[in-house]
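After this come two complexes, each holding chain A, first together with chain B and then together with chain C.
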Partner chain A sequence: MAAYLKYLAERFALFIATIVISVTVVFIVPRLVPGDPLGAVFLSLAQMGGSMNATELVAEYTRRFGLDKSLWEQYISFLAQLLQGNLGYSIASFPSEVADLLRNSLPWTIGLLTVTTLLSWVIGSLAGAVVGWRGSGSRFLQALVPLALILYATPYYILALLLIFLFAFHWPIFPLSGNYSVTMTPALTLPFIADVLHHAFLPALSIVLVSLGWWFLSMRSLIGALKGEDYILLAEAKGLPERRILWRYAFRNALLPQATGLALSLGHVVGGALITEVIFGYPGLGWLIYNSIKGLDYPVIQGSVLLIILSVAVANFIIDIAYPLIDPRIRQAAPD
Partner chain B sequence: MGALAAEPVLTVRDLVVHYHTPRGPIKAVEHVSFDVYKGERFGLVGESGCGKSTTAMALLRLIKPPGRIETGEVRLEGRDLLTLKPDELRTLRWRDLSLIPQGAMNSLNPVMRIREQIEDVIICHEGRPSPAELAERVHKLLNMVGLPRRVTTMYPHELSGGMKQRVCIAMAIALNPKLVIADELTSALDVVVQRVVIQTLMEVQERLGTSLIVIGHDMGLQAQLVDRLAVMYAGRIAEIADAITIFEQPLHPYTRLLIASVPSTKEKKPLQAIPGLPPTLLNPPPGCAFHPRCPAAFERCAVEVPRLQEVAPKHQVACHLFSERIS
Partner chain C sequence: MITHNKKLLIGLSILLLMVIVSIIGVLLTPPELRRTGSFLPRLPPGEEGGLLGTDALGRSVAIQIVEAILKSLLVGLIAAALGTFLGALIGFSAGYFGKLIDAVLRVFIDVFLAVPSLLFLILIASLMRGVALPAVALIIGAFAWASPARQVRGQVLSLKERAFVQLSRLSGMSGLEIIFRELMPNMFQWLGANFVNAFIAAILAEAGLSLLGLGPQNDITLGMMIYWALGYGAILQNLWWWWMAPVFALIALFLSLYLIHLGLDEVMNPRLVVRA
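Take a look at the complex of A and B:
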């Protein structure tokens, strides 16, 4: 137990260090990009024909966002704000608060990505296990392997574009973009939920199909490798039904590395499939990041990237503490 | 050692197992025949790669590709195992014929509790008894092999090598099979633990009256364990006889050299080895496979494969020195 606590403390220290370093990087990197956020804002204003008393306004904005101060002072005040849980205001869509922007986009991303990640993991793992176990015995199962390889190798945005072209443009079964119809008012009603699912179908399909390939292939090779294990052979000698050997002996053991993979990719759920969201005009976090980077909206970039880092770090931390619970071997031999 | 009933539990006739490799078939088991009687401890001994483990796996029909059982007959109480349908084979496995595996270290499922792994065979073969009855049976089995109650809820990695081996023994006798095959029972254990594990197995076997095939490479160890002994060389059986006879009057030159090479604690003598190396089974020498290393070889040995023949009551040898004598 003491060893496990020591292990926990170490993992936690690592977790904090990760956060501190990444916060700093998140602060510095956008500021190294040439251009400035106000330039972007006023350029778009000017394009819309509203050229007002620009110089004064720029000066006011600059003062307000502290962009006139030294980088060091900006960093300190950023950290001070952050510790109070304040992410600040968006520059591009002032006076919106960064926290509000995140709150509006996050549920869409989490909804889309959690469902698709879990779905592809479950389908991919189950199919991979069956094919890995008796793949060589059946032409049909064998044919799934190159199919999975093709899916795995397909860039997800290409598949997304293909799906849009086929099922939203050529045969307009699904909407081209957005998260729900403009005519709808968000509410927990059946028609609204149906509308949301209708909109989410193509982006979800593009993500599931592409990530499915990986889970399928990795489970297949895990099961293939386990087939030669002594305990599988003994299970066969024991006269157990084949189904039981596959699921209780082989699959259960292959699940350990596969579950790590799942936890890791769940950590990336918040980061979302940035390009998928851009292609499908899906207003999640990816879409928000895309727009904030385009407009060099420092506070929004910082806030959203920070959120991603935090969730990846939390997911990793959870794997670290949960892995000993899944695998009895690690539970015993708590690493020193 | 128990009195031997005359009827065999297991008869193996003309068993041939080849591994098919791109360079040609590896003739791991060539025309092996032997009987195992009721309640008997039968030893199968030979160097690494002589085909003894392959023979064991073939009896259980667990030969995996590229290996294949080419021909032969394996009758367990009259039923030919090699012609059983998959379902019949599955129900027969473990209930009639169980295995104490060679790699006991890795033969237990790492993510299942010991209790569950033993229960598995009971449930799958006899249906699910009441939980209390099931727990009682598992405890009894573990008790038989000298393991404490708390082992039931443990995982394999929490056990020592000797304990895992005992779990395997407990599991092997769970359904009270007619025949248990113990493959290299102790090869991964240190000498002290070896002795304890072997004693455990012998006690259990005596209590249950099961027939037992003990596979190993240690002549000295076999001498203390078994009633009858078969010596294998290059995929074939060289000699079969009572253990005492084999040690006191070995006939086959290979057996003689093998016994001479067992180190003794009683007399001080230089360690003897058999000159040369065992042949590759991909391309064994013509005639008797042992002839290149045999001190007594003559012309016929390089030409003709000697057949296993009874040269004295219950004493079979495959060597031209003795087929001469008969013919």
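Take a look at the complex of A and C:
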């Protein structure tokens, strides 16, 4: 128990360090990099025809954003604002707060990524187990391995492009972009839900197919490694049906490392498929970041990045504290 | 050693083939054909459009793709070299000096392993609009040190306790001498494997940044090719040759690099081969 408490304290310290260090990087980086966000904004305003006393406005904004204070003071007020959940205002869509924009995008990203992560994990693990168990016996099953390898090696947004071309353009079965038809009003009705699923299908399929490859390959090698274990041999010697040995003996033992992988990738749900959203015009966090980059909206980019960092840190911390409870071997071994 | 591993052999062959074809292609291209409007726009592959057709701006896709492959590889090379070098330096310091230095560096390594570096890259690149290719490569490299650092640290920790290192310490070698004459030579294969990983990650990061609109605006990389193609609505206009060329080049590139990575793994851990 004492060992677990010490381990907990260490993990908590790392959790805090993760947040402090990455928030500091987020704070420092824009101040080190050559480039002037305010100047850029006014330039783009001027290009759109806004005439104004730019120098006075820049001075006013510099004062208002506290850019005339010392670096240390800026840092402290930056942290204070963050602690209150205040991420500032969007520049491109000015009166909106960054936090509100994030709140609107987040559900779409989390919904899409949670469902696809779970689906690909289940399908990939089951298929990987079957192929790992009797792969050498069947040509067809063997052929799945290079396929999975290609899927795993492919960047996740590449498949998205191919799917859009095939199933939204060439055969227009699915919509090209968006999260629901513009003619629809969001409501918990059957047609609306069907419309949302219709729009989410292709983005989801592209993510599922690509992440499938990894789960498949790792489960296959886990099962393959278990094959020669004594308890499997014993089960075979007892004459148990093969199906039972695979699912009750081998699969259950391979599940633990596979579940860790699942937990880790669930931690990356928020920032997991930014570019897929860009390609499908799916209004999640990735789409928000993409549009903020186009609109020179630095506060929104920064807010999104901070949100993703925070969610990754929290998820890692939860996995760290939960894992020893699931796997007693880790609880007893002094964690390094 | 290399010829005995099928994965390594296939991966290297694909990669070499792509590089050689690209270099020949770039060398054979007269500079005036690189400009926009050198060809009629939107020609499909074939007689008039050339091998891979032309894009909406009247450039040959074939001419762009060979240059893009080399530029993407260049970004990967610079970034991976920087990342591996920084990683080796940090990992070495942590592993060799131990104590407080190790404790502090370990926290940093863990933090930068946990947080996806694409996030920091987005932040920096979005402030430095219109960055050139070397800058993109350096930014990516500057955030690619965490994984090699962890590997190198672990390796140094285990090497440090081996008999030959302790012997050289007893025989009066200085710290630096031990690092360079005893430890470094044993690290090369690890650094090699790390380099391939960093290379893959860097090319991936460049393509990702480019698709978000943060790539090297005046250069043509595979990511930038897709970015421009999408920006001009290549999918909707059915200019499939324009966006498919960089897409399949990327797939081939990643497949070859991944095979090399797997092959190197097997060469270094012979136990893996027996099982597979």
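Basically, the second predicted complex is superposed on the first by the 280 of 336 C-alpha atoms of A that agree within 3 Å, B and C clash if a C-alpha of one lies under 4 Å from a C-alpha of the other, contacts with A are read in each partner's own complex, and residues count from 1 in each chain.
By our rule, a contact is a pair of C-beta atoms (placed from the backbone, for glycine too) under 8 Å apart; a residue touches a chain by one contact, two chains touch by 3 or more.
Remember, it's a predicted structure, so these values are computed and weren't measured experimentally.
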### Query
In the superposed arrangement, does A:L166 touch chain B (first), chain C (second), both or neither?
neither
### Query
Touching A:Y298, do we find chain B (first), chain C (second), both, or neither?
second
#### Entry: chain A: partner with more touched residues, chain B or chain C
C
### Message
Applying the document's definition of touch, where does A:I76 land relative to chain B and chain C: first, second, both, or neither?
### Response
neither
### Query
Which partner does A:E236 reach: the first (chain B), the second (chain C), both, or neither?
first
### Message
So in the complex, the part of chain A that touches chain C is made up of which residues?
### Response
14, 17-18, 21-22, 25-26, 29-30, 33-35, 37, 40, 149-150, 152-155, 157-158, 161-162, 164-165, 169, 176, 221, 224-225, 268, 271, 274-275, 278-279, 289-290, 292-294, 296, 298, 301-302, 305, 308-309, 312-313, 316
#### Entry: Complex contacts: residues of chain B adjacent to chain A
60, 62, 89-95, 98-99, 101-103, 105-112, 120-121, 124-125, 155, 157-158, 168, 171
### Query
In the complex formed with chain B, which residues of chain A make contact?
229-231, 233-241, 244, 248-249, 252-253, 256, 327-329, 332-333
### Message
Please output the residues of chain C touching chain A within their complex, sorted ascending.
### Response
107-108, 110-111, 114-116, 118-120, 122-124, 126-129, 204, 207-208, 211-214, 226, 230, 235-236, 238, 240, 243-244, 247, 250-251, 254-255, 257-259, 275-276
